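What follows is a single structure, written as C-alpha cells, with notes after it.
We just call them A, B, C, D and E in the order they show up, numbering each chain from 1.
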Amino acid sequence: MLESIRSIPIDYYVYLSTVLFVIGVFGVLIRRNAIVVLMCIELMLNAVNLLLAAFSTYLSDAQGQIMVFFIMVVAAAEAAVGLGILVMIYRNTKSTDISLLDNLKN
Amino acid sequence: MVLPIFLTLAAISILTALLMVLSKNPVHSVLYLILTFFAIAGQYILLNAQFLAVVHIIVYAGAIMVLFLFVLMLLNLSKETEPQKSAMWKLSGGIAAGMLLVTLVGALRGGIEVTIPENASGKVGLVENLGMVLFTDFVVPFEIAGILFLAAMVGAVLVGKRDLQV
Amino acid sequence: MNSLIPLIPFLPLIGFAINGLFGKRLSKTAVGVIGSGTLLVSFILSVMCFNQVAATGPIQVTLYNFFTVGNLSADFGFLVDQLSVWMMLIVTGVGFLIHVYSIGYMHDDDGFWKFFAYLNLFIFSMLLLIMGDNFLMLFFGWEGVGLCSYLLIGFWYTNKEYGKAARKAFIMNRIGDLGLLLGMFMIFQNFGSLNFGEIFAALPTVRLEAGVVTTICLLLFIGAMGKSAQIPLYTWLPDAMAGPTPVSALIHAATMVTAGVYLVARCHPLYNLSPDAMHFVAIIGVVTCIFAAIIGLRQNDIKKVLAYSTVSQLGLMFVSLGMGAYASAMFHVTTHAFFKALLFLAAGSVIHGMGGEQDIRNMGGLRKAMPVTFWVFLIGTMAIAGFPLLSGFFSKDEIFAFTYAHGGGWWWGFAGLGAMFTAIYMCRLLYVTFFGEFRGTHEQAHHLHESPKVMTVPLMILAVLSIVGGFLNTPHFLHLGNEQWLAHWFSSVIPLNEMHLEASTEWGLMIFTTSLAVVIIIVTYFIYGKTSNLPVADSAQGGLTRLVANKFYVDEIYDFLFVRPLEKLSKMFHYYVDIQAIDGIVNGVGTGIQQLGAQFRKLQNGNIEYYLLGMVAGAVLLMLTMWV
Amino acid sequence: MTALLILFLTAIAVLFVGLKYRSLLQPLALIGTLLALGATGYDLFGPGFGWGAEYASMFRFMPFADAFSGVAILATALIIGLSGWGFRNLNSTLGDHYALILFSLCGALIMFSYTNLTMLFLGIEILSIPLYVLAGSRRDDPAGNEAALKYFLMGAFATGILLFGMTLVYGATSSFDLASISRAIGNGDQMPSMLKVGILLMIMGLSFKVSAVPFHFWAPDVYQGSPNLVTAFMATVVKTAGFAAFYRLFAIAFPGAEGFWSVPVAIIAALTMTVANATALFQKDFKRMMAYSSISHAGYLLLAVLAIGTEGADRALLFYTLTYSLATICAFGAYIAVAEQSGDGSFSAFNGLSTKQPLLAAVLALSMLSLAGIPPLAGFFGKYFLFTAAFAKYPWLIVLAVINSAISIYYYFKIIIAMYFTRLSAEDSAEADAPNGIVLPAGVRWAVMLGLLLIALLTLAPGSVYGLI
Amino acid sequence: MSLIFILIPFIASAILLLLRPAGLSRHLALVASLANLVATAYCLTCDYSQGMNCTFSVPWVASAGISFSLGMDGITLIMLVLTNLLAPLIVLSSWGKAFENEPRYYGLLLMMLGALNGVFLAQDGLLFYVFYELALIPIYFICAIWGGQDRIRITLKFFIYTFVGSLFMLVALLWVYLQTNVNGQHSFAWADLVAVPLSPEAANWVLLGFFLAFAVKMPVFPLHTWQPDTYVTAPTGGTMLLSGIMLKMGTYGVIRWMIPLAPEAMHTLNPIFISLAVFGILYASIIAVKQSDIKRLVAYSSIAHVGLIAAGILAWNKAGVQGGIIQMLNHGINVVGLFFIVDMLERRLGTRSLADMGGIAKSAPKFAALFMIIVLGSVAVPLTNGFPGEFLLLNGVWNYNFWLGVLAGLTIIFGAVYMLRAYGLVVFGEARPETANFEDVNPREFLVLGIIAGLVIVFGFFPQSILGLTEMSVDRILGAVQL
C-alpha cells in the first residue's frame, strides 16, 4: 500500500502544491473582487494542505494531517470574519472592489 | 497505476484552479474552486488519508464554499459587476507570480529530501490513528482552537450586527 | 636693593592701575604726578641699580614660577646686568621726560588720564622686556609694548584711520612675534631652557645640528624686524604717527622700536655662531636704512619724516649688529633715543603751536615764534645729521668705522649713503619748517606760540643729552679721555669688539663723513632755507618724486598681495566653501535622505493591489538569496 | 498558563457582563489583566504555581515566555486604562471590544510560549483575527473599513506564505516540534534546499506580522485607519508577540541554520530601518508617523533575531519591547487626549501643547525622546542592548541602525517642535486659555503617568528588567 | 563627593521644571550653581597625586558591566572648575532678561550643568556617553525655545549633527567594550577599556569613531558648519553654555577617552586629525576676518581657538595636553565674556551688525575697557589668561611637527586681525546716533564682566596655579598611554 503510494516521487507533490500555491498568488494579484481574492487565498491554503497530507503519508507521521485540520479550522474562521468584513464594507460602499479602497495613503 | 491517477488529478486541479482565477464571473470562480477541492480530495484519498478527504469535502466544499457562494448571492455579484483589471496589470501580476514560481521551483529542484522512517505504516491517515494523536499530544492546540473560534465568532458578530445605539 | 628691583617695573604698573581705575575722577595734576612720579622713582631705582651693578655685577631676582610644564619652565624673574640696566636708564629716564612733556602736551585732551595710564603700562611692559631673565619674560614685554603701541596709536579712537593704523601696527608686530615665538620653541628644544643665563652657558656644550643656530637667529630676527620696523615689516611705523606725538617720541623712536636691537644684542652669543644670520641682519639693515631714507626725502608730514628717519636709523643699528658691533649698536640706540625723542617732542611742540597742523608746507619761519623749539630742533637735526661732536656724530661714526673694518668699502658706502640721505631730509625738514616765511593760515599765525615750560624743559634736557651723549663712547683715536666707556661698561655682557683699523684710516673716514655732513647741511640750507624752494603739492608731483612721495607704493603692494587676497579668501571660504560646499554637503545628505523618503513614499499609494504585488516582488527577491 | 487562563476567563466574563453592566467592563478587564500580570509575576519572580508551565511539546512558560507575557499584559493593562476615554463612545459593542482585546492577548501569550509550529500558527491566528475585526470595529467609518480589509486580506495572504514555509520545514525535518526540528537540522551543513525555502517563506510570513519591509505595506494604512487604541495595541502587543515568536522560532528551531537565514534577515532588517525612517520623514499624521516608527523599530528589533546565539540577545529583545511599548502607549495616550478633543490628527494639533497642557506635553516629549533613543532615556538602553548584542556579528548593520536612529530624530522631534517651539499666534493663545481647551481625562492621566513612571524606572535602573531572563 | 556635582543641579532642575516657582527660579538657579562652585572649591583641596579621588561607584546594569562610576583627577577638576565657575556667571548674565516661562529656562540650564559635570566625572564608558548625550537635550530645548530667527531648523540640524557624531562614538565604544573581558564579563570601566589591546585595523575604526564625535562637538573643520548658525540663533545663555563649556566635552573626551582607548591608531590617523585641526584654525580665522555679524565672528573665532586646543591635545605631549587643559578653562572664560558682550550690544542696539556700531568708547568707557580686557585675553596677549595656554599649545603642536606649528602659529596673527577689527568697529570711530547714548554697564553686568576680566588677568599672571593642579594627572595619563 505504502509502497504504491510512494511510487510517486514526493517531488511531484511538492511541485504540484507549489504550482497550485502560485496560481493562488497569481489570483490574488490579478483579481479586484475581494471575495475572489479570498478564494484565491483559500486555494493557497489548500495547496499547503495537500502538501502537508503528502508529507504526512510519506513520513508516516500523523502530525501533518493534524495540522491540516487546524488549517481548516483557521480557514473557516478567517472566512467567517473576512466575509463579515466584506459584507460590512459592501454595506458602506456597495462594492467589493479592493482597488476602490485607497483613501489611506501617504 | 497510481501515477496516472495522480497526474490526472493534478491536471484537473491545476486546470480548474486556473479557470477559477481567470473566470470573469465570480460565481463561476466559486464553482471552479469547488472542482479544485474535489480534485484535491482525490489526492487525499490517493495518499490514503480518507478521513482527511472527507473532512475536506465537508468543510471546504460543503461549508466554506457555500458560505462564499451565499455571500456572492447576497451581494448579488455577477459578471457584470465584476471589476476587471487592465491587461497591463494582469501581465505584471502574471510576471510576478511566474517569477515566484520559477524561483520556488528553481530553489526546490533537486533539494527535496524526505527522511522516510524504517517502520513506516500506511495507516497514519486513519481516524483511529489521528484521534490518538489529536487527543494526546495535540490536545492543547485542540483546546486553543476553541479560543480561536470563540474570538472569530465574537468578531464576526461585532462586524456583522447592526449598531443599536444609532 | 634686590627686593626693590621688582618695583622698577611694577611702579609704573601701579601707576597704570591707579590712573586706569580712578583717573577719571582725579585731577589732571594728580594724574600727571602719579604717571610721572612713579616713573621718576623707577628711574631713581634704576640709577641705584646701575651703581649696584657697577659695584657687584649682575643681579638676578626671581619673583615666582610662572609655569612649569615638564622641563619647560619659566620664572617671573629679572636679570639686571650691564646691558639691561643701561636700557632701564634710557627707558625710565627718557620716559620720565616724555611723561613730563605730556602733561603739557596732552593737557586739553579728554583722555588725559587714559593717556597716562597707557604710557605707564607701556613703561611696565618695556621694563619687563628688558629686565626679564628669560625669553618668556622678554616675550611678555615684547607683546606688551606692542599692545600699548596699539592702544596709544589708536588713542584718538574716534578717527577710524587712526584705529586702522593701530591695528596695522599690532598685526605687523604680531607677525614678528610669531617668529620670536617659534625661535623660543626652537631654543627650548635645543637648550632645554628659556633662561638667558642657562642658554648662553650651555652654548659651548650643546651639540647643534647645522643650520639650527641660523634658523633660531633668523626666527628671532623676524621678531626684531617686526618690532624694529625693518623691511618688509616696516610700514606700520610711519602709520603709527597717528598717535599723540609723545607716543611717537617714547615708543616709536626712543624705546620700543629699539627692542629688536636689544634682542639681537642680548642674543649675540647665538648670532656669533651664525655668520649667515648676521649677514642677513646686516643686509636687511642696510636695505632698510637706504630705502627708508629715500622715502624720507619726499615726505611733507613732519612726523612722517621723523618716522622714516627712525626706520632708517634702526636699519643702521642692524647694520652694526650684523657687523658684530653690538656695543656700537647699543651706543647708537642710546644717542638715537636722545636726539630722536628730542626731535619728536620738538615736532610735537611745533604741532602743538600750530594747532594740530603737521604738513611742513604749511609752516615756515617758525624760528621766530618758537625759539626754544627751534633751537632744540636744530640741535636734534645736527645730532642726527652727524654734525661733529654731537651725539649722533660719535655713534654713527663708530658704526661706519666698524662697517668699513668688518664689511669693507661697499658696506661702508651703502651705510654712508643712508646717512647722507638722512642728513639731507633732516635739513630739509628743519629749513622748511623753521626758516622762510610763515605759510599757515591767518588763524594759525594768530594762535602760534611757544610751548609751556612743562614741555620745553624736557626738550632742553634732551637737547643737552643730544649734545653730550656722544661722549659716552668716544673712539680711541681721538683720545678724549673717555675712550669706549660704554663698550667697556657692556664688556662683561658683550665682549669688546676689536677693530683692526689704522688710526689714519679712521681719521680719513671720519673726516670724509663729517665733511659730507657739513656740506649737506650748508647746501640744503641754500636749497630749502634761503629760497622758498618748497615741496610741491601732491598733485603736482611727477615721475620719480611721486613714486618716492608715495612711499614706493609699498602699502598698496601689500594691500594687493596680502590684505585683499585675505579678504577675498575670507569671503570665498565663507560663501563658497562653508555655506555652499561643506554645509551644502551636510544639507545635501539631509535632502538626499528626504528624497529617498519621497521615493519610498510613492510605494505607499493606498492601493492594496500594489501592496500585494510589492509583497510578492519582495518574496521573489528574498528567494534570490537562496543562490547567494 | 495561569495567566492565559485568567485572561481567557476574563474575556468570557466580559462578554457576558457586557450584555448588561457596561460600566463594570473596564474595571473587570483591568482586574483580569492585573491578575494575569500578578500570576505571571508569581511565576517569574515567585515560586510559581507549579503546574501548566509546559505541556508535551506544545508550550513552555519558562522565564522567556513569562517575561514577555508580562510586557504584553502590562501594555494591555495600560491600554485598558486608556480605554475609559478611548472607548467612551462605544455602547453596545464595548464588551466585544474588551473581549477581543483579551482574546488577542491570549494569542500573544501563546506566541510567547509555543514549542510547536502548530501552536505558533494558532497563536498568530488568535492574535490576528480579533484585530482584523477591531481594526474595522467602527463600522460606519470608511477608514476603519478600509483598514480592516487591508489588514485582513494581506494577513490571510501572509498566513498562506507562512504555512507553506512551515509545511516545507515539516517535510524536511519530519516534525513540528521546535526541538526536533533543531535536532534534524543539526549544525546546518547538510540542509536540503526544501528546508531553506521553508525557512525563507517562514521569514516572509513572520516579517509580515512584525511589519518588516517589504511586507510592511499594511502597517501605515491600518494604523491610521484603525481606532486609536487598537492602533496602540497593534503597535505594542502585536509587535512584541511577533518578535518574541520570531526570536523563539529561530533561537530554538533554526539556530543551526543561522548561516543561511541570517543573510535574508539582515537584508530585511537593513531595508526595514532605512525605508521606514526615510518615509516617516514625510508624514504629517501622527498615527501614520507612529506606524513608520513602529516599522523602523521592527528593523532594530530584527537585530535581536540576528544576534541569536549571543549572550543577552533575548534580554535585549525583552528590554527593547518593554521600553518601546511603554513609550508608544504613553505617546498614544497623549495623542488620544489631544486628537480626539481637537479633532485633528496631524502634527499641528500639538502646537503649543506645552503651554496648554504641560504634563501631557512632557509625557509626549519624553516618549518621543525615548523612542528616538536619546540617552539616558530607557529607549536608549533598549537600543544599546540590542546593538551590543548584534554588534559582533553585524557591525555594518549596527552602523546603519545608528545612522537610522539619527534620521528618526527628525520626525520624532517634529512633535516636540510643535509642542514646545511653535509659538502660538494671539488667536491660538486665546483659544488655549478658553475653557474648551484640552482637558486631561483622569484615565489618560493615570495611564500615561504610570507609563512615564515605568520609563523613568527603566531609565534609572535598566538592570532590573535586563537581568530578568 | 562627586555625586554632589550631579545631584545638586538635577534636583534643583527637577524642582524648577516640575514645581515651576515663577518668581524664585533665578534665585534658586543661582544658589544651586553657587553651591556647586563651593563644592568645586572644596575639591581643589583634595589630593590627586594618587590618581582618581572622590570616587563613587555603584553598579548600574550589573549584568552588562555598566556601573554608575564617578571620580576625579586634576584634569576633571579643571573641567569642574570651568563648568561650575561659568555656571553662576551664565545665570547672572541671563538675570535681567525677561523670559517667557522662566523656571523652565533655568531648570534646563541646571540640567545641562548636571549633565556636563557628569560628563567630566564619568569613569564608565557608557555613563560618559549617556551624560554626553544628556547634555544635548536641555541645550536643544534652550536654543529652540528661546532662540532667534530660524531657530527650529538650525537647532534641529545641530541636534542631529552632533547626535550622529556621538553615535559613531557609541559604536566605537561598543567595539572596545566587546573586547573587554573581566572575569568572563564585559566591562565599561575606564581602566578595563583602556587595557584592551586592539588590532591595528580595529584601532583605526575606533579612533575614527571617537574622533567624529568629538570633532563634531568641538567642532573641527570640516564638521563645523552647524556651529556658527547655532551660536547665532541660540539665546545668549545657550551660546555661552555651548561655547564655554559644552564644546570642552569634545576636547576633554579626546584626552580622557579617545586617545587612551585607541592609541595604537594614532600613528596612522593622527597626522590627518592634527592637520584638519590646524587647517581649521586658519580656515575659521580667515572667515572671521570679514564677518559682519559680531556673534558669528565670535563663533568662528571659537572654532579657531578650539582647533588649536584640539591640535595641541592631539599632539599628545605634555606641553600640548597641559596647554589644552588650561586653554579649555580660559577659552571658556573668555568666550563667555565675549558672548555676554555681544548680548549687551544686541540688546542695546538691536543689531549684531558691526557696520551699525562704533563710537561706543565715548558713552560707555567701562564697557569698552572690560571688552578690551576680554579681547586681549582672547587674542592671547601675555599676562592675560589666553597666553599660557596658547603658548603651550603652539609649543605642543610645534613639537609634533615644525611646519604644523608654524601654520598653527599664524593664529596669533589672524586672531589679532579679526578680534581687533571687531573691537575697533564696535568701540572706536565716531559715535552714531544709535550708539551715542549707549548705556554703560549696569552693576549686574559689571559684576559679571568684572569677574571675567579679573579672571583674565589673574590666570594670566598665575597660570601655574592651574597647571600645577593637573600636572600629576597629565603625567599619569601620558605615562599610561604612550603612542
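The rule we apply is simple: contacts are C-beta pairs under 8 Å (C-beta built on N, C-alpha and C of every residue); 3 or more make two chains touch, one makes a residue touch a chain.
Note that this is a predicted model, so its numbers are computed, not measured.
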* To do: Can you give the shortest number of steps from subunit C to subunit E, where adjacent chains in the path must touch?
  => 1
* Two chains sharing the most contacts, counting C-beta pairs only -> A-B
* Asked: What chain is most central when centres are computed from CA atoms?
  -> E
* Asked: What chain lies farthest away from subunit B once each centre is taken as the mean of the Cα atoms?
  -> C
* At what distance in angstrom does the C-alpha mean of subunit E lie from that of subunit D? -> 41
* Structure fact -> Rounded to the nearest Å, the gap between Cα centres of subunit C and subunit D is 77
* **Inter-chain centre distance, subunit A versus subunit C - centres from mean C-alpha coordinates, in Å** => 97
* To do: Just give me the whole-number Å value for how far the CA centre of subunit B lies from that of subunit C.
  => 102
* Structure fact -> Multi-partner residues in subunit D (2 or more other chains touched) are 118, 122, 125, 129, 132-133, 136, 139-140, 148-150, 153, 157, 171, 174, 193-194, 196-197, 220-221, 279, 282, 407, 410
* To do: Would you please write down the residue numbers of subunit C that are in contact with two or more other chains?
  => 590, 601, 604, 606, 608-609, 612-613, 616-617, 619, 623, 626
* Per-residue overlap in subunit E, given as positions that touch at least 2 other chains -> 160
* Could you list each pair of chains that touch, in label order? -> A-B, A-C, A-D, B-C, B-D, C-D, C-E, D-E
* Asked: Along subunit E, where are the residues that touch subunit C in the complex?
  -> 157, 160-161, 222, 224-226, 228, 283, 286-291, 318-319, 322-323, 359, 361-362, 365, 369, 376, 381-383, 387-388, 391-392, 394-395, 398-399, 405-406, 409-410, 412-413, 416-417, 420-421, 424, 427-431, 461-464, 467-468, 471
* Asked: So in the complex, which bits of subunit D are touching subunit A?
  -> 117-118, 121-122, 125, 129, 132-133, 136, 139-140, 142-143, 145-150, 152-153, 156-157, 159-160, 163-164, 166-168, 170-171, 174-176, 194, 220-222, 224-225, 279, 282-283, 288
* Parts of subunit A lying in touch with subunit D, wherever the complex brings them together -> 10, 14, 17, 21, 24, 28, 34, 37-38, 41, 44-45, 47-48, 51-52, 55, 58-59, 61, 63-64, 66-67, 70-71, 74, 77-78, 81-82, 84-86, 88-89, 91-93, 98, 101-106
* Contacting residues of subunit B [partner subunit C, same complex] -> 85, 89, 92-93, 96-97, 99-100, 103-104, 107
* Asked: Can you list the subunit E residues touching subunit D in their complex?
  -> 59-64, 66, 101, 126, 129-134, 136-137, 141, 144-145, 151-152, 156, 159-160, 163-164, 167-168, 170-171, 174-175, 177-178
